[in-house]
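What follows is a pair of complexes built around chain A, which joins chain B in one and chain C in the other.
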Partner chain A sequence: MDFTILSIIMLAIGIYGLLTNRQLLKVFISIEMIAIAATLNFVMLASPNGLSQALLIIAFSVDTAVSAVILALLVIVSKRYGTGDLSKIISKQETEESEDEVQ
Partner chain B sequence: MMLQEFSAWFVWIIPLIASFFVPLIGKYSEKARNYFVIAIATVVSALAISLIPGVWSGGGQATAYTLSWIPSLGSSSPITAGVYIDPLSVLFACLVAFFALIITIYSQGYMKGEDGLTRYYYLLLLFIGSMIGLVLADNMLQMFIFWEMVGLCSYTLISFWYKKPESIRSGVKVFIMTRIGDIMLLAAIGLLFYMFGTFSFRGTIAGIEAAALAGTLDIGLLVTSAFLVLGGAVAKSAQFPLFTWLYSAMEAPTSISALLHAATMVKAGIYLLSRFILIFATAPALILALQAYWFPTITWIGAITAFIGASLAIVTTDLKGVLAYSTISQIGFMMAGLGAAAHGGFIGEGWFGSIFHMVSHAFFEGLGFLLAGGIIHALGTRDMRLMGGLRKAMPISFGLMIIMILTTSGLPPFAAFFSKGIILTSVSEIATTAGLIQTVLLFTTAALTFGYCIRMFTLVFMGKESEHMQKQHVHESPKIMLAPAFILAALCIVWGLSEPLVAHFLHFETAGILAAFTSLEFPIFLLLLIPPGLLAYFSYYKGFNGLRNIAKTNNPLTILLRHGYFFDDLYTAIAKGLIKISEALTRIENALFGRYVNRNLKVPPALHVVTRLEDTVFERYVDELGEKIGDAAKPDRALKLKQDRTSNYRNYLAAAVLGFILIVILIILTLGVVV
Partner chain C sequence: MIFEILAIGLIVSSILALFLDEVVYSVGALSGTFIFTALIFYLNGAFYAAIFQFVVGIGTLAVLFLSGEMLGEQSKKKSSPAKIAGLIGAGILLSLPAIFLSVSGQTAIGPDVPIGEAIWNIRGLDVLLQALVILTIALGIGIVLHERRKK
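Here is the complex of A and B:
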């Protein structure tokens, strides 16, 4: 039960982070938080025969691989726009689009 | 039996595996890649067709072959992988496989010379494989995985031209809107698993049967899960109130639109509902309980969507937009038919009518999209106001389009006449006031359908050649694009008459073909076609300007139609509200824990610690890290990083070795503790 509460708290923090932060890296950390909250729940509720834990290790490694891809995307985005701030990126995109239309 | 099992597995495994070979082959030869895709589609079609004989001669019961998904979990584990062969799933699988072949051939002409075709064909095969996997899945978990894959593939294919911002945006819109339904479906699966302890369809059917016999059927939970399933189907099949994504999805290449509308994606919702109606039909008591709210809700959703779709198709100026709204409207018909399926605890003709209409819709809508693709290809625009007088330049498309609009409007003896007729009959048999309103709505829609078909046809093919057209060298579509259209046109004509065969295939008793002509609905339907026909005739051929003048003014009706009943505005408002909330939260957070503590708020000193902590952890390190990543990404920095690579590489290697040694030490320590 303790771990379920912990996982709910982590989920709440993650969602809160998603709502309030516009910095891409913080958004990413919030998403990871939500993912880990879910996995934590699985770990605690799994039957303790070792097999479920082994399957969870697979889930973790897939999660890590996904994180690597997301981080790579973050690098590309900050390279392209020179900032990691979502609102700035969006406004930059819009100005670029209107420039395209003028051309 | 061996063949059946083999085909049922490989009909979806082959395209899924083959999709990974597309990039490999595409690297060496583009021609080989194209032939490879066509060959795979042919094999898939052959495998799907080989499933028919077993079902045809069978008694209509389902056969299932299951394997343990994770063998080490033991045989009692509820997680299995399997195929479920019954008339419904085989019909869907054959339709998808057939369209896979049609679309891969059509793509050879339509997508010729585009960039990124390897990605296109890879996703196409993945799309087809996951859709066939969805309809043949033996349990809900497997179905859900394929359901998600279908959503993912349609998202990526809709944003295929990723350099256009609109196409990226509509892809994201499709993904997010269908997500709402995915979550509902997942909840429904969870509820059913909670009740019966199994994911498999057969297990659920057995569970419902046993509970009904024992009298322990939890009607409340079952009805809840039925509503959640309906939510999933509504989002996936673009029904009221989540239908706006289908119009945005028109940014996709036309070949993909044809596949999306005819066989995959939007049909997944219809499959889901018809499958679950069959499962629920195990217990008459359950069907009776569902008849109170669930079935009428489906009919309402269907009737309203059918009407909204048809009325919007009349005003849109986008050629593909007309077809998109037409699909929304036709799927509304299917939903209405499914909703009218239950009669006193049993499944009636409405169910058969929807499935039948699903297939005829696939044929005429697919035909419409293939022709529209040719027209867009030739003219380079989707705006119907720039078209006109195409009948001389594209005579074959002109002829095929006549078949398409006649079928869409549901005139005899084309396919939709019979299928729509069954749906209208079964809806009109609902003996309530609601049923009466729904029938009126559906009949109005049938009349509107005729109206928008004539409008589209006239704007594109009739009249004088437009200025836009004269500037371009307009030519008939190449043969490779016309051949698939010919096949579909032929099927549009034949399919309606094959109703007894389909009924036999589905093991369903129907009133037969002749009943469509003798029923009361037939003369009403024909009479209703006269007003839209006359209006269109006078507006487009006799210079009657009444309707045009109404459309020009700003009366409530035109405003409503121009804004698509304000659904997109509503969703934008919801999204904006969410952003407002998040901004307000950020402001509160900044006021309480921000770098500059707001003195007016009189924050207790205890919270300053939090501020300082957050200051150091988040603001300093995380933001710095973010900036550093941004810095590292700058070209000159990246170059420098590259130059330093050797020394860094050694550091990484050292760190990896150190980590490995640590892990080994840990293992030894734990083993030591255990021993």
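Here is the complex of A and C:
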């Protein structure tokens, strides 16, 4: 059983999901997967003593803060365009830009 | 044996979280990912890391359940049992390299430092700085959302 390979697989799943999913929520979940892969690798490579766990808790805090910022941005974007689908958001953005150019 | 089962559960739940069509089921599968990760930490002796992973996971899930319906489009098609079985099979297949292959040796080094001493004496400045960072980010999010509401 090798946790390095396990974290590499988690990272690969996260990156694949980030590239292929068009839903904003799935993009957020993909980013969470990448964060889990990083923390899993960190815990398994470090000895389970207090210092490594203290550093990991700092990593968790940063991860939570990043998640909060991403979620706030997702909420703003979905309210602005009325949808959580990236392809629809891009098409609406292009329509707005072309309307601005006409005016 | 228990680690192999947890690894399979971790990969399968993460694949289900990403590729299920319904948002609520997707978030439910993500909760499985958090629980399996916390269990792996706990069984490796990282007790505090397991608790923090669990707490952070619960918070993230609460927010995701609340905002999931708002952000996610109402999916017209539901995931068929065949698709779910395919995803589970793909997850089991993907977890096989982690079970049977090996690239890293034992790298556990360092003395046994208690968690309290590590947080408050060795990394005390980091703890204070991260509190400052989190406070700044919380204020920033509050300001962004407030400006948005005013417009």
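What we mean here is this: the second predicted complex is superposed on the first by the 101 of 103 C-alpha atoms of A that agree within 3 Å, B and C clash if a C-alpha of one lies under 4 Å from a C-alpha of the other, contacts with A are read in each partner's own complex, and residues count from 1 in each chain.
Definition applied: a contact is a pair of C-beta atoms (placed from the backbone, for glycine too) under 8 Å apart; a residue touches a chain by one contact, two chains touch by 3 or more.
Everything quoted here is computed from the prediction, not taken from an experiment.
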(request) With the two complexes superposed on chain A, say which partner A:I13 touches: chain B (first), chain C (second), both, or neither. (result) second
(message) Just checking: does A:G82 make contact with chain B only, chain C only, both, or neither of them? Give me first, second, both or neither.
(response) first
(request) Look at the residues of chain A and decide whether chain B or chain C touches more of them. (result) C
(message) Under the stated touch criterion, which partner chain does A:T39 make contact with: chain B (first), chain C (second), both, or neither?
(response) second
(request) Determine, under the contact definition given at the top, whether A:T95 touches first (chain B), second (chain C), both, or neither. (result) neither
(request) Would you mind listing the overlap between the chain B footprint and the chain C footprint on chain A? (result) 16, 21, 23-26, 29, 51, 55, 74-76, 78-79, 83-84
(request) Name, in rising order, each residue of chain B that touches chain A in their complex. (result) 70, 72-73, 165, 581-582, 585-586, 589, 618, 622-623, 625-627, 629-630, 632-634, 638
(request) Using the touch rule from the top, collect the residues of chain A that touch chain B in their complex. (result) 16, 19-26, 29, 51, 55, 74-76, 78-79, 82-84, 93, 97
(request) In the complex, go through chain A and note every residue touching chain C. (result) 1-6, 9-10, 13-14, 16-17, 21, 23-26, 28-30, 32-33, 36, 39-40, 43-58, 60-65, 67-69, 71-72, 74-76, 78-79, 83-85
(request) Report the residues of chain C in contact with chain A in the complex, numbered from low to high. (result) 3-4, 7, 10-11, 14-15, 17-19, 23, 26-27, 30, 33-34, 37, 40-41, 44-49, 52-53, 56, 59-60, 63-64, 67-68, 70-73, 94-95, 97-99, 101-104, 107-119, 122-123, 126-127, 130, 133-134, 137-138, 140-141, 144-145, 148
